[in-house]
Amino acid sequence: MSLALIAALPFLGALTPALTQRFGRSIATLTVALFTAAALALILNHLPAIIVGDTVTTQINWLPALGLNANFRLDGLALLFALLILGIGLLIQAYACFYLDKTEPYARFLTYLMLFQGAMLGIVLSDNILLLLVFWELTSLSSFLLIGFWSHLPQARQGARMALATTGAGGLAMIAGLMILGHIVGSYDLSTILTQKTAIQTSPLYLPALILILLGAFTKSAQFPFHFWLPHAMAAPTPVSAYLHSATMVKAGLFLLARLWPVLSGTPEWFWIVTSAGLITMAFAAKVALFKDDLKAILAYSTVSHLGLITFLLGLGTKAAATAAIFHILCHATFKAALFMLAGIVDHATHTRDIRALGGLRRAMPITFGLATIATLSMAGIPPLNGFLSKEMMLEEAAHTAPWVIPVLATLAALLSVAYSLRFLTYTFLGPIPAYSHSPHDPTPGLWLPPAILAALVVAIGAAPMPLAGWLVDAATSATTGEPIHAHIALWHGLETPALWMSLAAIGGALVTLGLYPALRRVWDATPKPQAKVIFDASLTALTHTAHTFTAKLHNGSLSRAFAAAVLTILTLGLYAYQSAESLPGSRALAAIAATPAVGFALMITAALAATALHRKRLLALLLVGIVGLILSASFAYLSAPDLALTQITVEVVTVALMLLALNFLPKITPHETPRLRKLRDASLAIGTGIATAALAYALMMREAIFPPISAFHLAQSLPGAGGHNAVNTIIVDFRGYDTYGEIIVLGIAALLIFALTESLLGTKWATRPDQSAGDAGDPHPIMLQTATRLILPMAMLVGCYLFLRGHNQPGGGFVAGLVFAIGFVLQYIASGQDWAAARRRIPYHAMIGAGVLVASFTGVGSFLAGRPFLTSNYTHIHLPPLQDFELATAALFDLGVFLCVLGAVMLALDALARLAKPQTAKDAC
Amino acid sequence: MSQLLILPVILPAILAGAIILIARNTLNAQRAISILGTIALLALAITLIQAPTQSYFLGNWPAPFGIALVLDRLSALMLLLTATLALIVLIHTIRTGWDTKGRHFHALYLFQLMGLNGAFLTGDAFNLFVFFEVLLIASYGLMVHGGGEARIRAGVQYVAFNLLGSTLFLFALATIYSTTGTLNMADLAQKLPQIPANDTALIRVAAVLLMLVFAVKAALVPLQFWLPGTYANAPGPIAALFAVMTKVGAYALIRFGTLVFPTDLPATNTLLASLLYPAALATIAVGALGTFGTRSLPRQIAFAAIGSMGTLLLAVSAFTPQATAAALYYTLHSTLATAALFLIADLTRCRRDGMTAALYMAAAIAMAGMPPLSGFVGKLLILDALRGDAIAWAAILIASLLTMIGLARTGSDLFWKSPSTEAPAESKTAILLCLAALATLTIAAGPITSWLTLTAEALHAPTAYIAANHLGGTK
Amino acid sequence: MSRLFPHPMLSATLFLAWLLLAGSTAINSLLMAALLATLIPLATQAYWPSRPKIRHPLRLISYIALVLYDVIIANIQVARIILFMPADQIKSAWITVPVDLPCPEAIALLAGTITLTPGTLTAEFSADNKALLIHALHAPDPDATRAEIKSRYESRLQRIFR
Amino acid sequence: MLTYALTFAIACFALALILNLIRLATAPTMPDRILTVDTMVINVIALIVLYGVQTHSTVVFDAALLLAMTGFISTIAFCKFLLRGGIIE
Amino acid sequence: MNLTIELLISALLIIGGSFGLIGSFGLLKLREPMQRLHAPTKATTVGVGASLIAAALTLLWQTGAASWQGVMVAVFLFLTAPLSGLMLAKAHRHLSRPDLPPTGTKAPWAGETPPKP
Amino acid sequence: MEILIAIAIGTLTACGLYLMLRARTFPVILGLSLLSYAVNLFIFISGRIKLNAPPIIGEGSQYTDPLPQALVLTAIVISFGMTAVLVIMALGAYLTAGHDRVDTDADPEDQA
């Protein structure tokens, strides 16, 4: 539990600044520092156990199904990193408190910083690689926020995005790599994985896993060629650079290499990939650092170089090299964090970071100069500082590694390291004083104390490595290698160590290099260099552009193309599904073709084709489609489907009215605008699908169902079970009344939608006014029409009642009845106008819909009273002398709901559309 | 048989009917009914999720002759997801006043919930069509709520495209009925294995057509064209609610793919899986490239939604219990994450302060599948379930990266580049609730996934589902 | 009574129509017919605000019989024109018929009669409803056609409607 | 005899439909086309009634009734469209 | 008796069919649009009317049950045909603008285009 | 008869699809109407064809399959509602945009 608490503490701390910021920066800083310190204290609490080689673990089951568990472990390696993260974290918090300007959103900064701290701590404490991934990605995210902290600066935004893209990409590769690792082992728990060296290294998936994991580690630790993001991350405030980009986050990759060292290292693949990446990075970045003029850029490339050094050491795969690597992690964190802080101080004091504009600060800023000297010389690997010790160990390892190019490159890197360090120091602090805009001076202790503490460590560790750092290096290295290690760190190993001579050569070479610097600089400046940022930007821009173009071209807003794609897909896959299986030939006896239906179908087909061919003349096309509807209705009557005929006839009338209402506004002609090729494409798709549909229909009609259809039950139960002769109607109101329930709601919603949209249209200024020039005849309401419709309305209602009442036994029903009523009322609208008809409406159409839904619902709910499910029907025969007995069925009540809903919906929709035709009048609420 | 099963469908319908009948001109009453109704639905869903698999025989007609509702773990889960999302979105809508920008918002909203719940509960293929239509037409209404040129024009495309889908649905259902003589899904599950091996072509056609319908709803490439315009132009909260609409398609694909057309069915075999797999990959690609290459936030979220559907359906296409469980987890996650992003996008129209930025960050993290939120967990679950499939892994991971970069770019442009505008503080309650739900998904991932694992196992061995069909309807 | 039956003729028509539709004169049908014949006119009276006064309902029936007879006769005449008369010999004409009828219902009835009898067709009303524009398919003597309409139909209608 | 007469009548109305189709194709004006469709409706009503006679069933008479009651509405709506643009004013 | 009824029905059917055909034939044959308007009245009245009577008689004769719905069909056709005729005539006139005789009253024809304000 | 119906279904489908592929809203609406006619017929024939056998119990000795008819009824009603919705939306689009093209811009905010 305590480890989980430790991991959680920084996150809890991240919550506090929002609450404490009102009390001022100091309080806010102290509060978060308290959390960091508490975590540190809890870590130190475990120190004695760790030093003797124990491992502290905590297990919390989080997602056992996946193997993602909140398992934490604290061993020597974790301890080393935890101390760096929390210790330097405390210093950074103090430094930042004084560093950031008063106008900056400091609370947010602290929150981000603590989020990062938590993520980083999480990485090193994770005992589950999936959990580690969680924290790993969190560091990418929180560093994105920190780099982009000065969000008003374009380079900050860009640097943040670059870091996120690069480390994010690596992180995703690492997810794959670590998951493969987990799959090889069968567990995602580090404790298990670390014991499975043989299984992992003999697995065919070892190499892919290795490469993917290394991608993650190298991007995070800015190894060549993924180093480019780090210098751009320097757009972050200096405390961030000091913390993330020197001491902690960039070391996460190294941590991972170290963490997995026992199971991944020792193979040729590991050796070659890791050492070459490290060595190249070390030498290459050192060279670049030599030619940079920005203080932070020099430090950034130096960081890259030192990370390369450590990577190189880890790649060697020997315990001694691992020891050196661990030790250098510690040393580098101390001097580099200090240097970043000092660079920040110089920046603050002089308002520049360009070393060509700096100089002579040793007098103006003696404290800074002193601290910088210590840290820089350590960076250069000058004895007796700690940097020297670890560099010696590195050179010693390099010297014993074949081929020769390795020690040579290592020495060269050391040489360059000395050179840029000296250049950094001398250009900034020595030489003449240039004209500063205002006189620079040492900062308040708040700013210089944190680097001073680190500098003290640099000196102390250099002076007494074994008592001060030996135990820590031992513990960490033991944890890394999985075997007890007792390092021997000393200033002097005797004259026969190659490292000594390599160091001397490096220092000497560096002095020569610095002497030749102007010449070298001219060569450098004249050499064309691939600018990583330019390449990155260009490729990202190209990728963005490609993605954008692709998306815009694909989703170009063309509905026709969307349709075409859909139709093609449906057709192709349908045909494929058919082609790829067998089918028995149909054997049903077919019905004979009578002449009259043949004429009818011919008429329908002709009308459909004509409507398609003549679709540009919209009114004509509508008329032709009307013919199709007419023949279809008649066909239903002919094909023993009288209910369908009734429905189709009435729906047709209302649809035509609706379309004409709309066509009143719309253009009457469709322009010629599609190219011939498009028409050809459309025609082929349409014809192909038509043929396929016809074939499918024919195939279905040719054969009986494989199983007896369930409708046999409906036919058998229609009368005894549902109390109606009309099996279609009993299905609609009873067997499948629930479908009908949904269907009337669809209709109701349609009406509400039309009403709502009309309302919103009435409230807006239209781009287009209806073109009324076409129909300018007088006499909007012919008297004969008015008079006749007065008779037709009651007659229609009578017919409606007739169809409603007999629906259960004969064709008809609530739906048709509702439509017939609606048609009667629509006629009033047509004959006498919207004003006239709407003024005579007694019941609001809305209410009819609502009432319809409620009547249908409560009819259904009524069966609850009998403990029966929704919509359970009941019917009874009433004997009331002298009347003949008649049937009362709950289905009729349900049908009444249908009736009301249909009537209300049709009328509401038409009324709304009619109101649209005269937007000048005030809205009349329904 | 518990009457509770029908309530998720008829309760919203009755409330909507009541709104139209008596409360259509009083906004406060509408809001009260709407909120209370949604809370009731949430309570119902919580009750039902603990219930065993059972059927509800409408009209008391026995299956397969009447229509049966079937409540199983999956449908209960979808009910819960819908109710949760609905409540969140409704709160946002009321607090931002979106419901005053047009008529009938609340009635349409309740009908929308009715349609969704009905689709999740039904055990009848044709009834599924009916409730698809209910939920679609309500969504049309909500989509154009408030009007405006761009929205209405996008609405036209949305409606037209879905009408094509609905027509296809009918073709498929007719083919199924014609060949098998039944519409009940459990009945189909029992009958299809008995189809003679030499006469499977027609049912295969039907299966493919049916799955294509669901693919339209799920925005599977190349049937995704309707989505970006619709989601980007819909009112913010409605776009958020629509996050669950694509899941209806996913739900139906899972339901039919495991119950009616499982991979061990001789007639269809792995036909559907093998079609779904490349389509899902293409969907991931289209979604990721769209998220990466688009600059307007709502559109970008729409593409991210497409991408997440691809990821989800990639998992579905494996048709293994483990992958299905992962897909279900991802369903919950991507619904809430998409919704959160849309709600935030709605907020950013007038407000881009630090708090909004933080909310955006959290939602974007979830959407991109970055830790610590559920997107990461979901992604890991799917990767784990698809182990050994390098293409799938690469697709998911690269898409995740592209989504992350795209959302980061938009976020930094939106919150860093353009100064935060001062506007009246709008409520963030709904967004916080949504993120809290995502956090819950993450923290409680253990119990949730073990529940989902059982759900997936039940889906792949649907004996309880089928058995529930034979237990009632005595009329 | 007039409040219960705002349009007695309508009620009668509906009563009869129901029996025709139901195809039965059983007690149930009669009751339902009576119910609907009462309720529907009440429900729709707002849509038929005026109340035409019919003096002689029986004469209305005989008028309808007359029209039916005329329809058959005229049909035969027009059939001959269509089938056998060369197109260029057909002398169509527009004829104005001044009318003097008390209510719109009567005017509509006249106009309908004219259209239903083949060969003539009501094409328009004057804005003040005092004249009908009639199109005659073949009217060598328009005045005669006008006179026949006035004497055969209009005068009868004048006597039926007040 | 009845059968022949019935067949004759059905054939007449079917033929009438074909004539309508020809008229539709050659009609010079929109009102002409509307008129033709109006006539088609009447012919279809007749055919439906005669089909009922042929099958001794009154089930289809309702369809004829509805067509007779509602068929003219489309005609009026189309005409009103030509006359006034709006069919409901 | 049977033969008489059969003859009667057959005659009605033949008359109905013929007039229906003549109506559609007239539609095709007549030259002027206004003339064509007269044609379908035949199908409406005698054509369908005779068929309906034939239908009623046949069903009465063959099934013994009278079907009076046909009467309602005829009622609706008679009620609505003048309306179609009027509106079609108006549409014709509006589009072709023939010279009309005066109304003989102070008012113009109702359908004449009102002067633009 | 079956061949005739199949051809009718095929023609209606083809015509409907061709119109749906047009670039203006009105033809698209007409196309959807034709397509819904086609699908209604298609559902109807899924119960196969029986002449003169309406599913009215007691009217005859054999009946056509009533279930597809009930399904068609539902489909007709729903497609009626949907058509109405599409019509009003097309109208709204035309009134607000000033034209009736169905295609929208790829990414309206990119142009801005």
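The letters A, B, C, D, E and F name the chains in turn, as written, and every chain counts its residues from 1.
The criterion applied here is as follows: contacts are C-beta pairs under 8 Å (C-beta built on N, C-alpha and C of every residue); 3 or more make two chains touch, one makes a residue touch a chain.
Treat the numbers as computed from the prediction; the structure is a model and nothing was measured.
Each step here moves to a touching chain, and the least such steps from subunit E to subunit F number 2. Common partners of subunit C and subunit E, by the touch rule above, are A. Chain centres computed from CA atoms place C at the largest separation from subunit A. Remark: subunit C and subunit F have CA centroids separated by 40 Å (rounded to whole angstrom).
Look at where the CA atoms of subunit B average out and do the same for subunit C: the two points lie 61 Å apart.
One finds 48 Å separating the Cα centroids of subunit B and subunit D.
Subunit A and subunit C have Cα centroids lying 74 Å from one another. Counting only residues that touch two or more partner chains, subunit C has 17, 21, 111-112, 122, 125, 127.
Of all residues in subunit A, those that touch two or more other chains are 548, 551-552, 555, 557, 559, 563, 567, 636, 638, 642, 663, 693, 700, 709-711, 714, 735-736, 739, 743, 746, 749-750, 753, 757, 760-761, 764, 767, 775-779, 782-785, 788, 791-792, 795, 799, 810-811, 913.
Across the assembly, subunit E contributes 25, 37, 39, 44, 67, 69, 72, 75-76, 79-83, 86-87, 90, 94, 110-111 as residues in contact with two or more other chains. Which chains touch which is summed up as A-B, A-C, A-D, A-E, A-F, B-F, C-E, D-E, D-F.
The touching residues of subunit D, when paired with subunit A in their complex, are 10-11, 13-14, 17-18, 21, 24-25, 30, 33-34, 37, 40-41, 44, 47-48, 51, 59-60, 62-63, 65-67, 69-71, 73-74, 76-78, 80-89. Listing the residues of subunit E that touch subunit C in their complex gives 19, 22, 25-26, 29-32, 34-35, 37-39, 41-42, 44-46, 65-69, 71-72, 75, 78-79, 81-82, 85-86, 89-90, 93, 98, 100-111. Contact residues of subunit C toward subunit E in the complex are 17, 19-21, 23, 71-72, 75, 78-79, 82-83, 87, 90, 92, 94-96, 98, 111-112, 114-116, 118-128, 130-131, 133, 135, 137.
Of all residues in subunit A, only 595-596, 599-600, 603, 606, 610, 619-620, 623, 626-627, 630-631, 633-634, 636-638, 642, 645-646, 649-650, 652-653, 656-657, 660-661, 663-664, 770-772, 774-777, 779-781, 785, 792, 795-796, 799, 803, 810-812, 816, 820, 823, 826-827, 829-830, 833-834, 910, 913-914, 917-918 touch subunit D in the complex they form. Interface of subunit B with subunit F (complex): residues 126, 130, 133, 137, 140-141, 144, 147-150, 152-157, 159-160, 163-164, 166-167, 170-171, 173-175, 177-178, 229, 294-296, 299.
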